[in-house]
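Down below are the structures I want you to see.
Each of the next two complexes has subunit A plus one other chain: subunit B in the first, subunit C in the second.
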Partner chain A sequence: MKDNFSRTVAYYPGCSVEGTAKEFDESTREIFRVLNVALREIPDWNCCGSTPSHIYDPLLSAAISGRNLAIAERMGFYEVMTPCPGCLKALKGSIEVFNNPLKRKDLLNILDMPFYGRIKAVSVVQFLVEDVGIEEIERCVLFPLEGITIVPYYGCLLTRPPKSAQFDDPEQPTSLDRILEAIGATVPHFPFKTECCGATYGVVRKDIVGRLTGRILEMALDLGADAIAVACPLCQQNLDLRQEQIERYRGRSFKISVPYITQLIGLSFGIDPKKLGWHRLAADPQKLLTRFDKLSKKRPTEPPTIR
Partner chain B sequence: MERLRVLALNSTYDESFIRQVEMESGQQISRCYQCGNCGASCNYTCVYDYPVNQIMRLIQLGQKEVVLSSRAIWLCAACTACTTRCPCNIEVTKIMETLRVMSLEEGTVSLKDVELFYKEFLRSLKNFGRVFEAGLLPLVNLRIGRPFNDMELAPLVFKGRKIHLFPSFIKGRKEISAIFDRFESWRRKKEDLS
Partner chain C sequence: MRIGVFVCQCGTNIASTVDTERVAQEVKKLPDVVYTTTYMYTCSEPGQQEIQRAIEEHNLQGVVVAACSPRMHEPTFRRAVEKAGLNRYMFEMANIREHVSWVSNDREANTKKAIELVRMAVAKLRFNQPLFPSRVAINKRVMVIGGGVAGIQAALDCADAGLDVVLVERRTSIGGKMAQLDKTFPTIDCSSCILGPKMVDVAQKENITLHAYSEIESVSGYVGNFAVRVRKKATYVDWKACTGCGVCMEKCPSRKVPDEFNEGLSFTRAINIPFPQAIPKKATINRSYCIYFTKGKCGICAKVCPAKAIRYDMTDEVVTEEVGAIIVATGYDLFDPSAYGEYGAGQYRDVITGIQYERILSASGPFGGHIKRPSDGREPKDVVFIACVGSRDASVGRPYCSGVCCMYIAKQAILTKDHIPNSRSYVFYMDIRSPAKNYDEFVRRAQEEYGVQYIRGRVGKIYPRGDRLVVQGMDTLLGIQVEVEADLVVLATGIEASRGARELAEKLHISYDQYGFFMENHPKLRPVETNTAGIYLAGVCQGPKDIPASVAQGSAAAAKVLALFARDTIETSPQVASVTERACIACGKCIEVCPYGAIRWKELKGGVRKAEVITTVCQGCGLCNATCPPKAIQLQHATDNQILAEIEELCA
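Coming up: the complex of A and B.
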């Protein structure tokens, strides 16, 4: 069957969206269908290698994620999009090693596949802002999130370090703010938008995540936010899945919904919350969804239920 | 005072260490003039033994042993706030990454749990081609001697039907383990040369 999408992009999902970040993948696929962009999943993709392979040796990391890039290049793509900023870092690291004349030969020998290093890796957010465009997102909004206050949380890797991110401002990014405004939400200035959440230390050092994620949740709550919009599976895991752990650590109740930006966009596009994976969130989003339904008066159907 | 350590700089100065860090990270260590921006930006200074600006100074002083066995280099989350704010354009994160690689090679990793997690991660990757969360995390918890760590998250994860109960094998997993093997033989060759 020939598809009628206006453009096609290579899509690298990454391991976390197969597990704890499933809703990021589901909502990304859903909204890109509406935005008329076809996602071609890289066939038989492998793990990007993440931090462990990078620590072992950056060359090993470059070869492991290079396999994905080589497959995408073979399919004729010049751009690969990924939802996970961690994977993005690994994919970009591979291109960086390729461009280092001292290391290219070793990389190609270890990879042992034709790889020309001409492909570019971008995050879903960057693709939404730069390739699709905020105007196009705004055009597809059927049910604006009016009256709902959402703070954007960018995390570390989406815009940093500036040299490799090549996207938005490293200190005061606005891309998520602009997307949220385009879909009708109220967006207060969020001072902790790029402060680290504690990364993987949730496993072995809960005090660190308790402190760092804790203050992000507290700030959001103090600003009267109904939700925190995120774009990173690891940040989401700390803010959402570990929220109860952090409540115990801080002695304060949060109960704040932490959806992915793509889930919020999908909601404004009128896509069924279940298809967007809202039922998978750990902090119960039903309050937010009911409020959304009450406030978007144009909605002709029943309130969205997810249970 | 938890830490008060006197360093005999003359007897422990190791110039080859400075050169190695500079070569592997591609950064010029002498450019750091101790403004302290990196340490002030770092969210982890509260748990470090040496704030990141002190790590930079210790490298300038050739203090290989202190630096490579520090907790700081392993508690760094590579959030890149330091790199973003360094007025000398030093990629501090790259230096910290280089130090972790060197610490692993020298066998001076101060946080054994982290090292163990990385090893299990790589094993999962080599065997399956992808990382299998449901298998990896309980295994790591078992091996760090805290089998019930994060148990309370399990119901939340199952509620969202977020976990595959079986690893997803990719077709190219032989290609992945071949990459590992070629990398290992490349590394052995490099070691033989040096």
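Coming up: the complex of A and C.
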């Protein structure tokens, strides 16, 4: 493969983007192509271990994720990017264990491969804001999402716990807000941007998710939002896939589209919605897409200069 | 030299982890040491008598006490040996408590270290010389820095005793935070009614010179004789001519100046008198908002001033005040709640701070004493107070309790009910701190008579619902999440060190703690003294406290100054630098490094120059000694020979 990208970053997709969150992966790959960043998928990557492993034994979790990091390091990368905040936390947890002098030896013993712990793990959002930069995103916008109201939803993990996330303000983050503004959307202040959606309780305690996700959806609707932008497969699942369930629970109809931030960026870059996986969303986005089409037809913009 | 060594057991403080008997026996073997003993409490009266008896009986010429820190008892023992006829500088102290017994439980290692420290002290003592203090006259004027209630109290007490007082206040009026308060706990008396008369007293006392809108530029000198340079900032109004009539303020067209006194809840003018009871009641121009200064035209105030007091060409002026003592009473500032994103301070206009609420409650405040919401002027029905915002929270670097917020929350909740009888108040708290006289009763009254709902737990989120705010938190007593819909949320922001406190401390050569509060000399026994002689503390600049405690400290500091000034002269320490003229090569390096300007040139016959120490100015810091290439300048009582002897003994 000829490499004419301006830069390359190690990419850890994680399991959920192979399943329910496929569109997160598709849209991420698409927009980074426009942004001139090559994603190099970590070869033979394995599951991060997710919740079960770190609840069972943090060292196990560190080792499972450590393998992926070690491979990326061997390929010469200093930074690995992942779309899923859950995977991100596992990757960061592994580096934290490495940095703990009492545990490092155990970790390296289990890993049984060279690992130097100098690699940094970042989310797609953090990479977009800190490495690519808002201006660069703005520069690539062909069809601004003008006239469309979108609220950003960060969830619990993207910026927290602050000590490990080291990104944005833990309680009042603005990175997604700024990206949405850069791609032309109207972004009202969303008070529930970091409120919990109920996470995995969707499986065992539907009432909890009904309440927690329900109030997030209601707040978005009350603010007149056309869509909720997300950056986490689990949040997306609760807000989107379970939306009908929650409608029944709350006795209120939502019908609000819940795309990934990368899908929205892709739209503004003029990428075919199909390539961005818009058709995979559960709450039908057609109304939003039609509206976008109508609005954007009127405003042809200069194509971005490709470096 | 005949040396005696006294090893103190300090009850069990030292003896439990140091074998004091062995220390005494070991050092007995040293040359010159003719007498050693241990004692239970050497600082007690019989302990001191024991030293005096031994000096006489054994003809001792020098004494070492191995005990606590010299900062604790060096003066005590110096006095004791002096009484027995020795020069007080023929005494050394080895700190085997703070430096040994309190830091380790290893008895063997401790004992060894104690022996080493005593050996060093003996080695140094062999080179000690009798030194004699000189006496200088005390300048019986006192400076008070900071005109809050603590500083005002100190200034008035000193003035009442007949002293000349110089009061320096950074803002354009004295009064401090108390002037901004509405009523005060636990008696709910009106703050300006009890503070106002004191402020007027300050203005009327002939022996108080007030420099308002002024700051300390630099401080030199020492106890009894300080010289303080005070920068009087340009007010652009000749205060001698200004009558405080207020016409300028009425006519000034620059009307969008955030009113600092009202905590930004209203606007004032570019030329203003901060509040009606201000002392001095004089106008000041705020340059950054003045149209004349920003755009070069206007000049309306100059036209309308009946006293012709406006001076656009005024510049800062620096005056030097000579005083014998300084009381620091610079108070505090408040924590910026925007560190807590979840509360939305700065984002939601109806989330305000406690001090803003004081202004809202006040009859002279932005809403004339009617409780209204900043956003829409509506009268609130449900008010939520949140305690410990920026207090007792290590995650924002403020692990300490601010001490007054529990009480002012109760006060403000009571006042809310008084103003709006059908209102409801809620308090989210961690625990209630109300330990002073009549304080707990006061909080109980809020709960029982006024029906204030106290909810024990932290708030996790505040968000808008319609035009109200939802406060979402935890009730840790019931173990459930709670939501309270409120019209107004008051954050009890914590107390933090006054802006610029560290810089001021460095100018004064006093210490401050990690949060910027000034350090008292001893937390229990010398609470208003600093470790620089002649400089005293009062009020919140030393640590969070309420008005009664601030006033008490103000009076206490005044009493200390009066005690100091009860004498006409003061001894100056002979522990200062001195020049061996034969060795001085006149390079001038010492003059360059001296932070106190205590070294000057002296002309000898034939135009030869030598360095000379002004002993009354020298603070004995030793910088010159370290810098001098031929070591011609030596610090008395810490000469190179003395220090080398200690090191050699340690390495032997």
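Quick note on the criterion: the second predicted complex is superposed on the first by the 296 of 307 C-alpha atoms of A that agree within 3 Å, B and C clash if a C-alpha of one lies under 4 Å from a C-alpha of the other, contacts with A are read in each partner's own complex, and residues count from 1 in each chain.
The definition used in the following text is that a contact is a pair of C-beta atoms (placed from the backbone, for glycine too) under 8 Å apart; a residue touches a chain by one contact, two chains touch by 3 or more.
Values in this document were obtained by computation on a predicted structure and should not be read as measured data.
Asker: More residues of subunit A are touched by which chain, subunit B or subunit C?
Answerer: Looking at subunit A, the partner in contact with more of its residues is B.
Asker: Looking at A:Glu41 after the superposition, I want to know if it touches subunit B, subunit C, both of them or none. Which is it: first, second, both, neither?
Answerer: In the superposition, A:Glu41 touches no partner, neither subunit B nor subunit C.
Asker: First (subunit B), second (subunit C), both or neither: which does A:Glu195 touch?
Answerer: both
Asker: If we overlay the two complexes on their shared chain A, which of subunit B and subunit C does A:Glu171 touch? Say first, second, both or neither.
Answerer: both
Asker: Touch check for A:Glu130: first (subunit B), second (subunit C), both, or neither?
Answerer: neither
Asker: According to the stated criteria, A:Asp272 is in contact with first (subunit B), second (subunit C), both, or neither; which is it?
Answerer: neither
Asker: Can A:Pro52 be said to touch subunit B (first), subunit C (second), both, or neither?
Answerer: first
Asker: For subunit A, give the residues common to its interface with subunit B and its interface with subunit C.
Answerer: 170-171, 195
Asker: Could you list, by residue number, the parts of subunit C that touch subunit A in their complex?
Answerer: 340-342, 344, 347, 461, 463-464
Asker: Tell me, which parts of subunit A touch subunit B in their complex?
Answerer: 15-16, 18-23, 44-47, 49-60, 63-64, 67, 106, 109-112, 156-157, 160-163, 170-171, 194-196, 198-205, 207-208, 211-212, 241-242, 244-245, 277, 279-282
Asker: Which bits of subunit A are touching subunit C when the two form their complex?
Answerer: For this pair, the touching residues of subunit A are 169-172, 189, 191-192, 195, 219.
Asker: List the residues on subunit B that touch subunit A in their complex, please.
Answerer: Checking each residue of subunit B against subunit A gives 43-44, 46-47, 75, 77-81, 83-84, 91, 93, 97, 100-101, 104, 111, 113-114, 117-119, 121-122, 125, 129-131, 133-134, 137, 140-141, 144, 149-150, 152-153, 156-157, 159-164, 168, 170-173, 175-176, 178-180, 182-183, 186-187.
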